[in-house]
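Have a look at these structures, which come just after this line.
Both complexes shown next keep chain A, but they swap its partner, so chain B is in the first and chain C is in the second.
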Partner chain A sequence: MKTIVVGSLESSDCLITLQPNENTEINIESTVFAMYGEQIQKVLTDTLKAHNIENIHVLCQDKGALDYTIEARLITAIKRFKEAKDES
Partner chain B sequence: MRIHDVVLEEEKDQVQSFLKQFDLTYEDDIDDTIIITENDCIIATASTSVNIIKCIAIAPAYQGQNMTSLLLTEMIKRLANKGINHYFVYTLDEQVPLFKALGLKPIVQTMTLALLEGGKNIQDTLQKLKTEYAINDASKAAVVINANPLTLGHLHLIETARKQHPALLVFVVSEDRSVFPFKARLAIVKKACESFDNVTVLPSLDYLVSYATFPKYFLQKEANIREEHAMIDVLVFKKYYMKTFNIVKRYVGEEPMSEMTAMYNKTLKKYLTNQLEIIPRKQLKDSVISASTVRNLLKKDHQDHAYQYLPQATVDFLETKEGKDAIRRLKKRATRH
Partner chain C sequence: MKKYTSLDALLEALPLKDGMRLSFHHHLRNGDGIINPILTKIDALGYKDIHLSPSAIFPSYTSIETLLKKEKVASITTNYLNGPVANYLALHGSETCLKMQTHGGRARAIIEGENSIDIAFIAAPTVDKTGAASGLYGPSACGSLGYAMEDVAHAKLKIFVTDHFVDAIENPQIHHQHIDYLLILDSIGDARGIVSGTTTITRDPIGVSIARRAAQLIEDLDIIKPGFSFQSGAGGVSLRVTDYIKAYMQRNAIKAKFFSGGITKYHVEMLEMGLVEKLYDVQCFDLEAIKSLKRNATHHAISAHDYANPNNPRRIIKDLDVVILGATEIDLDFNVNVTTDSFNTIIGGSGGHSDTASDAFVSIIVTPLLKARTSVIKTRVNTITTLGKHVDCLVTERGIAINPRRKDLIAQLKNSRLDIVSIDTLMQRATAYTGHPKETTHKGKKIGVVEDRDGTIIDTLHAKE
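Coming up: the complex of A and B.
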């Protein structure tokens, strides 16, 4: 199955990459990791939970995106991920 | 302003002359190029070659407007579409901070060149490999082989190294560009080393003699490969593999035949100094054993002659259907691997 990539590397945005995985794994690369790493982790985990997504690898390359930007990007990625899954 | 693909030859020519202003050459191994244009003029470009993003340039008037992130995002998405989630960027030394700000991780730097990666990170990847193969922290020796296919020469190298050290790691080149598939190469080496209790056979992953760290190895004619091409690979080994696995010595076979491998060994010697041991090649009658000789013999249907140079594990593989397919592919190939 194809990988899903959503977002951009522009300032105040993030690039989300989704891949099927054996378990749920979240990787965060952020320019503000020291300050907001935990918060980003929380947003990602909560959003995955809210959409009942498991066994996925999430890579979030963040350039200082706000919570709702990250959430919106992830929701879009999840939608595309589900579409791609249904197709295959 | 819009982004588009470069398809036509004349467009390629335009990119080529655009790159020239930055002293960059449009390399012939490129498989995808994009440009950003404004009023039909190229203002920025980037290319990919398998998992490497390179030939990145932005017109001076447009620098400082975050064009790089535009180019990079587009390229990352295109690579993901091809199923590539681990990518590398080759760039000039002074551009490293720019790419770091975009979330890429520097791996190594030479005097002029820097290699960065995204999507994965070498430290975590090697740490995972270490855990997966239950490798302890005791000091070890290492060899790195492509084993295309495994010969008695490789085995001699492994035997020599394992006798002088309590533990030996055998890295089999993971890059799947050789006529014998990686899976088969790894399986043969594992089989041949089965009875050695102090040897661990493991994949070299994306970082050793890989397309990313040593692209020229797979592309160029031997004569065109120079020291600087091997340097990145050698530095990666020294900085990450030796540290992570506590490797104190690397063993290589002496290289009387291939100029390229000889040069690679020379570069290794320069950076590893006394941590590198060069072992004379094993000889059979009057000729030294080498995988390329074996491939040539197989190509010409001199099976029996080739088998004299091979351990049982390799011979067994060659007799399987998969092995016969590999020989068939070999006959069709013109390249070295």
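Coming up: the complex of A and C.
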């Protein structure tokens, strides 16, 4: 099962990396972690739940993306992740 | 004038002592080739408690970090710093160590004896047999030597350091009577680092949108009239504002009286198109500016004293109609920070920010409202570089705020079609996008002060946590 990578490391964007995992795990590296770390965690958790995704490893490398950017990047990553899963 | 070709021999001849104050100018910027060898040798000779007064500190000035690590520095007084020295101070600085001044304030403090320099080492791109100097010629030409002129006039000892020794300079910027010692080296700088090279008009759509609004604001304030004066610096957005103003001047056949400050090829172009009478150049930002100083009699190199010393009644910026400036942070009282980021990292300093904001009839801050999920507007800035009472307008891509103190400007803009709101409203607009940030302002120990141009301490600098 391949790794899915979506987004970029440009300022105001984020890079989301998805990998299958034994449980659901989220790692956040953010330039604004001190101010928005908890909020980013919430967006990622909520988006995974909304799309019924479990047992996945999410790496979010954030360069100050707004919530809806993070959400959009994750949704795209989830879609590709599901497509890759269906193909395999 | 005593002439040396060896740094060792020169230093042997100088009355060096513990506790001395040494100064340098920063016109060679990141390409400076004299600060490191001189300070490294002085360190090797064992001197301590050294007071350093460079007009600015760039990332390549690593010898200062070495001296700091060896605890040989008693204090640093400068107008702008970033890179390793800034990072070291933010982690290990001591309370007495750092004083951040303005370009005008530095000139004032040197002239009035508050900042009494024992030895000034002046990188001089060309020196002639009489001891006269110029920044216009030679392999390390940097153009205007504006920030060195007070050191030249007031330091107890003046050492000129050059790599281009000639018979005679036709129009020297510094006259021969100032020089005490001359040191001739193979090289005083790396030309690639001397010109900053980053002075281009922004093409970023957000930057362009901000610039368009700022230009419209200036138009609505009816400032662009024959004989007006303007300063924009070399920031990409500021230069885009200049470009819009240029188009307006051409459409309406308006000629400006002067542009001042750091000069770029864009300003030179406007001079040569006859759109402005004079350039007052305290610092050349690119090669075109240096070339223009040679060929245009109306392009004047000026000293920091003539430019911005607050106690000089004839200072150029006193007559400025409008100045365009940047901000790292701005707060609800319009205080501006360009000295540190929100995490106490020192990223720059006033330079002429506070000077020009204080004197110009209208000071305009141009900045994106949002930078990587961070609102530029804070309840309180981390460090005050320029007091809010001197800051008149804030222009962002999502709205414009006018300082409520400027009732005259607000009245003038009452029919403007620009999106003008209170700064509180602008901050709310930012928070609507970013969410509410968790408070993170933990300040470490005090490492220095911010001194306004008149000598008043307006804020303190703190270590990173």
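Throughout what follows, the second predicted complex is superposed on the first by the 88 of 88 C-alpha atoms of A that agree within 3 Å, B and C clash if a C-alpha of one lies under 4 Å from a C-alpha of the other, contacts with A are read in each partner's own complex, and residues count from 1 in each chain.
Everything that follows uses one rule, which is that a residue touches a chain if its C-beta (ideal position, glycine included) is under 8 Å from a C-beta of that chain, and two chains touch if they have at least 3 such contacts.
As the structure is a computational prediction, the values presented were derived from the model and not from experiment.
S.K.: Clash or fit: what happens to chain B and chain C when chain A is overlaid?
M.R.: Overlaying the two complexes on chain A (C-alpha atoms) leaves chain C and chain B fitting together cleanly.
S.K.: Hey, is it chain B or chain C that touches more of chain A?
M.R.: Looking at chain B versus chain C, the one contacting more residues of chain A is B.
S.K.: By the touch definition at the top of the document, which applies to A:Lys2: first (chain B), second (chain C), both, or neither?
M.R.: Once the two structures are laid over each other on A, A:Lys2 reaches chain B alone.
S.K.: Would you check which partner chain A:Gln39 touches, where first means chain B only, second means chain C only, and both and neither mean what they say?
M.R.: The answer is second: A:Gln39 touches chain C but not chain B.
S.K.: Contact-wise, after the overlay, does A:Thr31 reach chain B, chain C, both or neither (first, second, both, neither)?
M.R.: Both chain B and chain C are touched by A:Thr31.
S.K.: In the superposed arrangement, which partner chain does A:Ser11 touch: chain B (first), chain C (second), both, or neither?
M.R.: both
S.K.: Under the stated touch criterion, which partner chain does A:Asp67 make contact with: chain B (first), chain C (second), both, or neither?
M.R.: Only chain C is touched by A:Asp67; chain B is not.
S.K.: May I ask for the angle at the C-alpha centre of chain A between those of chain B and chain C, rounded to a multiple of 10 degrees?
M.R.: Computed angle, apex chain A: 80 degrees.
S.K.: Of all C-alpha distances between chain B and chain C after superposition, which is the least, in Å?
M.R.: 8
S.K.: Both chain B and chain C touch chain A; at which residues?
M.R.: Dual-contact residues (chain A): 11, 31, 63.
S.K.: Note which residues of chain A are touching chain B in the complex, please.
M.R.: Interface residues on chain A, with respect to chain B: 2-5, 7-11, 15, 17, 19, 29-31, 59, 61-63.
S.K.: Enumerate the contact residues on chain C facing chain A in the complex.
M.R.: Listed in rising order, the residues of chain C that touch chain A are 343, 370-374, 433-435, 437-438, 440.
S.K.: For the complex, which residues does chain A have touching chain C?
M.R.: 11-12, 31-32, 34-39, 63-67
S.K.: Which residues of chain B touch chain A in the complex?
M.R.: 66, 69-70, 72-73, 76-77, 80-81, 83, 85, 101-103, 105, 118-119
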